[in-house]
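This report concerns only the one structure given below.
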Amino acid sequence: MDLGAMWDFLTDPASWQGPSGLGTQLVQQLLLTVTALAVAAGVGLPIALLAGHHGRGGWLAINLSNLGRAVPTFALLALLARFSWPGSAEFGPYGRAGLATLLALVFFALPPIIAQAYVAVREVPEDLRDAARGLGHSEWQVFRAVEWPLALPLVVSGLRLALVQVWATATIAALVGGPGLGNIIRLGFADLDRRSQALAGALLVAVVALVLESAGALVQRAVTPPHAGGGSPRRNGRRMRLGSAQSRAPREEPA
Amino acid sequence: MTLLAAVSQAGVHASVVAPLPGRDTPCYAKSINDWICGDYLRDRRDELVEATTSHVQITVTAVLLGLALAVPLALLVRRLPRLEGVVLGGSTALYTVPSLALFPLLVPLTGLTTTTVVIGLALYCLTILVRALLDGLRAVPDDVRDAARGLGFGSARLLLRVELPLALPVVLTGLRVATVSTVALTTVGTVVSEGGLGRLIADGKNTQFNAELLTASVLCVLLALLLDALLVLVQRLSTPWARRARTS
Amino acid sequence: MTPKIHRSLALGAAAALTALTLAACGSDDSGDGGDTAPAADAVPLTLATQSFPEATLVGALYEVLLEANGYDVEVKAVESRDAYFGELSSGDVDVVPEYLAAVGDFLNTQANGEGAEPVTSSDPAATEAAVVPLAQDAGVTLLDLSDASSQNAFFVTAETAESESLTALSDLEGQSIVLAASPDCDGRADCEGGLSDVYGIDITEILPLGFASPETYAAVQDGEAQLGLTGTIDPNLEDEGLVLLEDDRGIQPAQNYVPAVNSDFLAEHEDLAGPLDELMAALDNDTINELLARITIDREQATDVAEDYLTEQGLI
């Protein structure tokens, strides 16, 4: 493993230029990741939050998302790339087969986002919802005032996980002639002359993944209310349970 | 010249291959190229069975290996909570190495064998499984633990008889996610020649072999669903108290 | 049912799953689809091939031939030479059907670093003379060359060839052209480099769509590119309405088929050379084209086609 050659390649501006350069592939992959996440969130969150609010359709939401997870992204990419989509030749800055890759990634991102968002809303204690309704809030106001703020940390946690997973999975697109850094990795391992390039590409993917993970962590910290003590609803739940046990205890004592 | 003219008249995208005389053209030949083709399932049965078997082996071995690695790591974090960041961060960092790179990088160590893919997949499982184990163990209520200690349970007995069984639901959920993800990721193993059904998917795509591509993809999905269902069964059987709670 | 029994059931299910895995692991799941069961005293042999259709065919020819000669062949299909060559040197892989110049370039880079002076040329004899010692140093012996050779070749649409009277690459001299090729075509003497330097063709852009891939064909058919990269052996061309242009100035290095065998393995099994030499002598480009058409177009199994041919030729 020639790390010196890898470093030289990374620091050489020429490696970053051109249609097959690191720069183009990085941008393609980032664009695809962010767009796929946005679309998946735009489609998945309303469904999951609505289902979670009403407490119905959960079984369907969870099991559909399990089904979605069961479809290998590689297979989906291969199937989608098999067809000539409109503009598959050049989907703008997304690159060749960009549309096929985008669809496959959206499909990949939906299950964790939906599952997590549904659970997030369900974890909100029912008595808080009831209290809000009792105060005369409409369903939408209940959601906005009670459920959304409490569910947000877990929803963001799901989005954050999906972000990193989509970014890492997007490298596979190269196996079906798609865009992204997977190309330079695949090419590099196929040709001894370019092995250092493959390592450089892999390192870049890993570094950006860590950057995205850290960015996600910052966002999550920003939306987690300070008094939640870490923001894990499970811990909150336990505290709630203990709290209600304590509040039950005095009633059980002989009056 | 005549041949060129004839070919160009047929239209560039049309297939001009006529079936060989005296031989039934199967529905998977290039001239027909059906997506769903009984002939394909019949003629390539051995290949499909071999690919599916290999796929199952790789997936199951990888998940079990991942679990075997995750348990000591989770226990370590429990004993030394300060290591949580390192362990979780490390396993997540592993996750960020793209599979396209990790598998070829392991080849010099373990060769062109299923072992290479299994190790790579197990490493990817770690992040899910360690987290699931930690969350599961944390979900065990403190009062249960105290009660057990009060009854004289030592640490090992506490772990085996009380904590792990109670952590089972969460751990099994994590195991389900890990297994389904691994079935999918095994396909990428084709870059080092051991991708189970992934090899057929890649070949189907590269040679525009529709029946092969669709069949291998569908088999992958079915496999994932089957393994998931098996784990749900294990989950139901091993946590009867949860079932009672569900029906209440 | 008491919790104890439930737990036993769960453990039982888990144990069954594990047992299934181990049992399956224990069974022989070698990749060959051959119908013939190996003889009890068959010598185990590992064969590695690349996974594109032509390589799979040649691999099948080797496999069927060697199985008939008393070997128990396990086939590994890989994406790239880098993945298997180390194994060939170390002996984990025993035999590889190779291409002379390709393995030569690989050995050269391995021995002399990235960007080393090339030792291969379009002259088979000279190339062989240069590559055989490099192989020996890596613990690999190259057997006799075949006349069958598979080089890079470039195609245009049949219509274009006819309307512009193109038969050879030199007919394109001075023109500005978009090329659809494999991603590593840039700068290579047998690809973009040769087209620019030797033929004086102005390659304005290389679309990295792959070697003889459906995308490459489509790009040329749709007019997105004027020239596409494939191999001299490609049965799909006629089907797709494409024709090859002749390499009249010889930029393609000698890519003759040649068996690459681990030297130690060959020393222990000297009878390996005979059948392989016979096979190499029998093969030529027309034959390979015919056999390959049966695989890529009729979608017959490679081992079936190999067995038919070898039986017909009296080689098994």
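Think of it as A, B and C in the order they're written, each chain with its own count starting at 1.
One rule holds for everything that comes next: a contact is a pair of C-beta atoms (placed from the backbone, for glycine too) under 8 Å apart; a residue touches a chain by one contact, two chains touch by 3 or more.
Keep in mind that this is a model prediction, so the values were computed, not measured.
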Chain at maximum distance from chain C, centres defined as averaged CA atoms: A
Geometric centre: closest chain by C-alpha means: B
Rounded Å distance, chain A centre to chain C centre (Cα mean): 39
Averaged-CA centre spacing for the pair chain C and chain B, given as whole angstrom: 29
Whole-Å gap separating chain A and chain B, where each centre is the average of the chain's CA atoms: 19
Residues of chain B whose C-beta touches two or more other chains: 104, 191, 202, 208
Residues of chain A engaged with two or more neighbouring chains: 189
Residue list for chain C, restricted to those that touch at least two other chains: 79, 82-83, 213
Chain A residues within the chain B interface of the complex: 66-67, 69-76, 78-79, 81-82, 164, 168, 171-172, 174-176, 181-182, 185-186, 189, 198-199, 201-202, 205-206, 209-210, 213, 234-235, 238
In the complex with chain C, residue positions of chain A that touch it: 5, 19-20, 84, 89, 96, 177, 183, 187, 189-196
Chain B - residues contacting chain C, complex: 1, 4-5, 7-8, 10-13, 15-17, 20, 25-26, 28-31, 43-44, 46-47, 50, 53-54, 56-57, 60-61, 64, 104, 107-108, 111-112, 165, 190-193, 199, 202-203, 206-209, 230, 233-234, 237-238, 240-241
Residue ranges of chain C touching chain B (in the complex, touch as defined): 1, 3, 6-7, 9-10, 13-14, 17-18, 20-21, 24-25, 29, 31, 33, 48, 51-53, 76-79, 82-84, 86-87, 92-93, 157-159, 161-162, 213-214, 221, 238-241, 243, 296-299, 301
In the complex with chain A, residue positions of chain C that touch it: 79-83, 106, 109-110, 114-115, 183-184, 186, 205, 208-210, 213, 215, 218-219, 222, 224
